[in-house]
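Below is one structure, written out as structure tokens; the observations come after it.
Chain IDs A, B, C, D, E and F follow the sequence of writing; residue 1 opens each chain.
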Amino acid sequence: MKLAIQINEGPYQHEASDSAYLFTKAALQAGHEISRVFFYHDGVNNGTNLTTPPQDDRNIVKRWSELATENELDLVICVAAAQRRGIVDQGEMERNGKSAQNVADGFRISGLGQLVEAAIEADRLVVFGD
Amino acid sequence: MSTLHTVNKSPFEKNSMSSCLSHSVADSAILMIEDGVYGAIKNTSIAGDIDSAVKEKSIYVLGPDLKARGLNEDQLIDGISVVDYAGFVELVCANDKVQNWL
Amino acid sequence: MATIKKFMYVNRKAPYGTVYALESLEVVLIGAAFDQDVSLAFVDDGVYQIMKGQDTSGIEVKNFSPIYSALGDYEVTKLYVEKESMEERGLTLDDLMPLVYEDEDDDWAEKDSITVVSRAEMAELLEQQDVLFNF
Amino acid sequence: MSTLHTVNKSPFEKNSMSSCLSHSVADSAILMIEDGVYGAIKNTSIAGDIDSAVKEKSIYVLGPDLKARGLNEDQLIDGISVVDYAGFVELVCANDKVQNWL
Amino acid sequence: MATIKKFMYVNRKAPYGTVYALESLEVVLIGAAFDQDVSLAFVDDGVYQIMKGQDTSGIEVKNFSPIYSALGDYEVTKLYVEKESMEERGLTLDDLMPLVYEDEDDDWAEKDSITVVSRAEMAELLEQQDVLFNF
Amino acid sequence: MKLAIQINEGPYQHEASDSAYLFTKAALQAGHEISRVFFYHDGVNNGTNLTTPPQDDRNIVKRWSELATENELDLVICVAAAQRRGIVDQGEMERNGKSAQNVADGFRISGLGQLVEAAIEADRLVVFGD
């Protein structure tokens, strides 16, 4: 089955990203296809490459990047939400005159249409939030 | 058509559990995850509502979230089933759609 | 053949205290271009989103309530508001913005976009959807 | 010793208003801000609790948050006073400490 | 003269669902070095923070509940747990971790850190503080 | 009077930062001293210099920076919370081998002791959160 995932909250503050990650991993193990993971609202903060979490805790950003690489996942950060919150890729950096880009490996920034499209194409949409 | 409902907040903190219970039709599946698992416990001030719900809906609780919070199966209201993440995925697939009460 | 899905945006949160109401409206606007069968539900504190007379000048936040009035132009014309949610909050239809659309199948007659439904009817509406959007 | 309590969540969504009411002693000051202002409105399902609180505590609501949400002074429960941000600051200073019910 | 203030950390949220419980505990540990008169309140869902038997391996999150047992070593020995909050949640003291400290003024005798108080007593405790920390 | 402010939530997602800003401005206008504004939990995200909010909305980060400059405010971002969430200054960038720094003007990163110290020294602590 084709599943689309939406994540509304950032890393560490809420369990949403943890739950979504464990759900995604379990779905892949069961042989399902994850057609897209869409990061919206504060969820865009899962895609920053600037975190250095405590060594005795999980590294939320890194394990999303790794899961994406291993399974060719499409991790999409909403551009409108990202602009409000300071998540920037090379293109956004140049367009908006920012001093740096901070998007982690395996994530890409795109529009809200990607969420709607995922909801149309997938068999199920599952949302993790606050 | 059938719906899987998820609830991720403590019923003592937020209205999402109660809203889920009153907006889910008979034969729906309800899965408690994250802080929602506190709703599955016996002898609480809201256990009566869950007891009634168990009679006409299928109520599940996510085991890993239950264990994280120091809770175990003995403390569950009768009729609630424990699932793991694989079971969560199965519930999503077995129902036609998902309503996440955030 | 392109499938048309029944999309429902389930609005349960008040505006301004959190961003969910505004950002979910942004999805509705983008989603309108995808030609699906779209409706919006206003349940619990979600009914506060369409209160009339919102004036955000004192909190220096953008007042986005006018966007709801524009939904008709995007062919988003099915807005279901739950009766019990209004009653618990001491509200009546008069407290809400009058949201209308022009019906192209009826000589562009102006019609109400808002339908007040009971909690039981809202539960049935949720059942009838293919996709439920939650924020 | 006197305490200013603030509540910033809708009483229909979260338990913070009710927890504030039951944990504030007589003569306390309570200020509703952000989504907490919905608690100040007449004819709601929780208006009775606020009515009782008004009798022994000083209840305030933040005007800018009220107006943002399309509410006005005519809709307030009797005995609740509207303050602006300057009034919020005065309440903080006039009481010995602040308990923010988050 | 250095002032000693009465500091109370008011814990009202469950652990793991949100980070507030963990990060507020980090403040308590740092704050212990400042020699203030510190106490912790566990109210509403805050009582869940000190449940015994927490096992987070299944959610791959750090189990920080052992830190509560170490509070006594930081001379944080006044933990007030609200009776009504426990009862509403179907909990008794047996469901909570036994938290103790060694009393240096009483020949290092082991004593309970937890005091169960009624809601009315909790309200009075809040009144007696100089600073209330909220997360 | 000396007031200390604590902010637990990031920009835009919650009203906390807006309320804290308007409160701080009103306190300064009334002649009070703001001894410190401490950004904790997701509140650290108020201190990123990478946001580009919509032009018809308030710029939360920028107005904090400006208020700090005009009134010599001490805006402190908690280092532990910042590491979990990806807010990085020059020193943190070098220490943790990150590719960029993203702390906005007028903010500084420091330890949790700064919150406790503020609570000791100020006459009042006011917390804005979720």
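Simple rule for what comes next: contacts are C-beta pairs under 8 Å (C-beta built on N, C-alpha and C of every residue); 3 or more make two chains touch, one makes a residue touch a chain.
Note that the coordinates shown come from a computational prediction; the quantities given were computed from them, not determined experimentally.
Student: Which neighbours does chain A have in common with chain E?
Tutor: B, F
Student: How many links in the shortest chain of touching chains run from chain B to chain F?
Tutor: 2
Student: Let me check something: if the centre of a chain is the mean of its CA atoms, which chain is farthest from chain E?
Tutor: Farthest by centroid: C.
Student: Please decide if copies chain A and chain F contact each other with the same set of residue positions, more than half shared, or with different positions, and reply same or different.
Tutor: Copies use mostly the same positions to touch.
Student: By count of C-beta pairs in contact, what is the leading chain pair?
Tutor: Of all chain pairs, the one joined by the most C-beta contacts is A-F.
Student: Can you check how far apart chain D and chain E are, centre to centre, with Cα atoms defining each centre and the answer in Å?
Tutor: Each chain reduced to its C-alpha mean, chain D and chain E end up 27 Å apart.
Student: Hey, how far is the Cα centre of chain A from the one of chain B, in Å?
Tutor: Using C-alpha averages as centres, the distance is 26 Å.
Student: Can you work out the whole-Å distance between the CA centroids of chain C and chain F?
Tutor: Chain centroid spacing, chain C to chain F, equals 35 Å.
Student: Can you list the residues of chain F that touch 2 or more other chains?
Tutor: Within chain F, the residues that touch at least two other chains are 8, 12-13, 15, 19, 22, 41, 54, 80, 84, 125, 127, 129-130.
Student: What positions in chain D touch 2 or more of the other chains?
Tutor: Within chain D, the residues that touch at least two other chains are 8, 12-13, 15, 34-35, 64-65, 84, 97-98, 100, 102.
Student: If a residue has to touch 2 or more other chains to count, which residues of chain E qualify?
Tutor: 16-19, 44, 59, 61, 131-132, 134-135
Student: So, with touch as defined above, which chain pairs make the list?
Tutor: A-B, A-C, A-E, A-F, B-C, B-D, B-E, C-D, C-F, D-E, D-F, E-F
Student: What does chain D use to touch chain F in their complex?
Tutor: 6, 8, 33-35, 64-65, 84-86, 88-90, 92-93, 97-98, 100, 102
Student: Under the definition above, what is the set of chain A residues touching chain B in their complex?
Tutor: 1, 3, 8, 15-16, 19, 22-23, 25-27, 29-30, 32, 123-130
Student: Which bits of chain F are touching chain E when the two form their complex?
Tutor: 8, 40-41, 80-81, 84, 111-113, 115-117, 119-120, 125, 127, 129
Student: Note which residues of chain E are touching chain F in the complex, please.
Tutor: Within the complex, chain E contacts chain F at residues 3, 5, 7, 19-20, 23, 26-27, 30-31, 33-34, 36, 131-135.
Student: Within the complex, which stretch of chain F touches chain C?
Tutor: These residues of chain F touch chain C: 12-15, 18-19, 22, 54, 56-58.
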